[in-house]
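Presented below are the structures under discussion, each in the form of structure tokens.
Two complexes follow with chain A in common, the first pairing it with chain B and the second with chain C.
Let's turn to the complex of A and B:
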């Protein structure tokens, strides 16, 4: 039998996830409504008046993405496990890393879609210009690292008895560097800081992404091994 | 299960004895520090526990790699032993540091890079035990545990770097100090107490580690018996 190339297998899994999601819209709508609710809660708990907002916009956005992200990650692995389709994927004559990259890319896509809707909503609600290329780059870099580690840990958590509760507990301490660096870089971009001041945070984000994509890729085999 | 080896029994008593001597050296023998006063005496046990806990975490990551390579459950039992003792030692480090910080920094806690990294590291290894307790299959539990210790071990230093974008107020005792950090100079007697505390906690770690490994073997045996009875 001819085994499809890594790229084609990866894209097939991404296509499967996206088309399943486009039909049900379960995951995206849940993540989206949840994100808006988190912003609503922040609005009242932090009292987001113009003065406070200047310092906390990046923090509010990243907390929202981090919380909403765990919903998506949990769901995307739970669906595969509960309907037995994970076994099907594992039996398919494809490289295991294609499954990892496929799931990670579709998780990243869901996060980016949610972020693409939350950002303009936040911009309109608080009259703040968030469409700066630098900020968008930070959001992309942060989401890549988040999706890579998140996919790996979600495929671990899905085997545990307490899986929905477990994922954020496993994920947040490991993902903390991404959140710290992303918040710092986002704040700096929003405050129009010079690039030299932003570079250290960007370097940490890029370094984290590279290291953790490599580690997740290495370990995924160990996780799905039956 | 074989009876407790004589060497381990001796090590148990030696540990207790060493701890008593180390306590004496730290509380009585070492001179009182000029600026910080008696609060500085916490430092000897603070570093002693921190040093062994960090070594234990690194050791656990090495054992995790050994497990993933060989798939021998022995390495997993050793890994759990190392993580468990290190988590307790590190908690002691954090609490002692906090007690020291109250008179010196005038606060129990600050979000300094070292303190934050310590808290996050502690949380990672607590999550490690929550992960393990949720998985029934011993072989899968061992695999997931090994992977998670490695992920945690890599992410903790990056956390430290990302928080260090801010300035640290934690004193640097050994090695070159940053110009804007306070540096502590130790007298020879202080150095004796300090090195003795390091030695003591290393011995206590080895003793506990050995005992915990034997307990782990028993746990594995009990689990096996339970499974074979079903």
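Let's turn to the complex of A and C:
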């Protein structure tokens, strides 16, 4: 009997998730509409002058990504649970870390797609140049951390009846260091701060990503086990 | 093919399986009968490596659980009342996905073979969300036999099926069993179990209360055997 490698199993799960989502567009459309609404609400409720708006751009963007990301994380695991598909994955003779990596990469892809649409909309609406390589790097690192931690916690919360409420309660305290570092680094890039000032935040993001991916690889099997 | 010795399964303070012994030879079709709450689904989940035994020894296809669960899963197919399929993928895409997870060789020809076996070859491009309950269940069986498992576990496969779909599922189950696989099926439908199985085990209060093969049974009344087992 053959068993697929970790990479092949991971890619199969990513391919399945992307195919299903491209067909249904349930998750992406919900995340996107929600993100755009959040940006508009922030704009109207804060009613800021251009200078102050520049100062809060990073905070608004990361709040938007965080809330929209939670929507996606909840839905992506609920789809597996509701039709018993999670058992289908757990029954496969694969390294169960492949389930984590597959779901995390899919969630990351959905977040990045939403971010790729939200950023230009924000830039046009608020006349802000957001297409700076440094800022895009921060968004990538922050999203990797968010998807890794979020997928891990969503896998834990999915068995609970109150999973929709439980996930944000579990996730936001754990993800806070990523959000704070991402906001700080994004602000610094938008203000053209020197690299030495930005590096501590970037190091936190990189360290957080590496630690949580490693922890998930080590413990995911235990987490999804009954 | 399946050996279970003194299996105990607890959830917190609740004991569901109480030192259960169970032995199935290769090629047997065992109907596992019992009332609701007897522990049938829990038992099947332990055999499927989805749940760890609290105590006891479980060996499936020569591999011990939970230590060799990946080897067991490679030799095992599971069909439950939930489809374990993706509604937004077609029948063919679902099987392609699971074939990749099971590293099935000659993927496309095997998928065609399986779809023909379960009578869905003409609907291969259709989304599962447009399938009837019966068609979904047949595709579930296709998913379960895709990697040519030695052992198949069916957990209440007839739940929610109408008469026509149930009869169609009977034919698929007979075909699957004729291929020499070892089958364990939980069911509340005694008539259907009597028609399909070669052995009948009654699970009651967490242990096997009675067991009889079709031959030893002598074509007697399964209902009275079942009632006696529960009463005893």
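We adopt the following convention: the second predicted complex is superposed on the first by the 225 of 226 C-alpha atoms of A that agree within 3 Å, B and C clash if a C-alpha of one lies under 4 Å from a C-alpha of the other, contacts with A are read in each partner's own complex, and residues count from 1 in each chain.
The working rule: a residue touches a chain if its C-beta (ideal position, glycine included) is under 8 Å from a C-beta of that chain, and two chains touch if they have at least 3 such contacts.
None of these values were measured; they are calculated from a predicted model.
After overlaying the two complexes on the shared chain, residue contacts for A:181 are found with chain B alone; chain C is out of touch. Shared-chain residue A:225: touches chain B and chain C both. In the superposition on chain A, contact is made by A:200 with chain B only, not with chain C. When both complexes are overlaid on chain A, the residue A:54 reaches neither chain B nor chain C. Comparing the two interfaces of chain A, the one with chain B and the one with chain C have residues 225 in common. Those residues of chain C that touch chain A in the shared complex are 45, 48-52, 70-71, 73-76, 78, 80, 82-89, 93, 97-98, 100-103, 105, 127, 143, 147. Residues 68, 120, 123-124, 127, 130-131, 134-136, 140, 143-144, 146-148, 150-152, 154-155, 158-159, 161-163, 165 of chain B touch chain A in their complex.
If you check the complex, the residues on chain A that touch chain B are 149, 152-153, 156-157, 159-163, 166, 169-170, 173-177, 180-181, 184, 200-201, 204, 207-208, 211-212, 215, 219, 222-223, 225. Per the touch definition, chain A reaches chain C in the complex via residues 1-4, 8-9, 12, 15-16, 19-21, 23-24, 79, 83-85, 87-95, 225-226.
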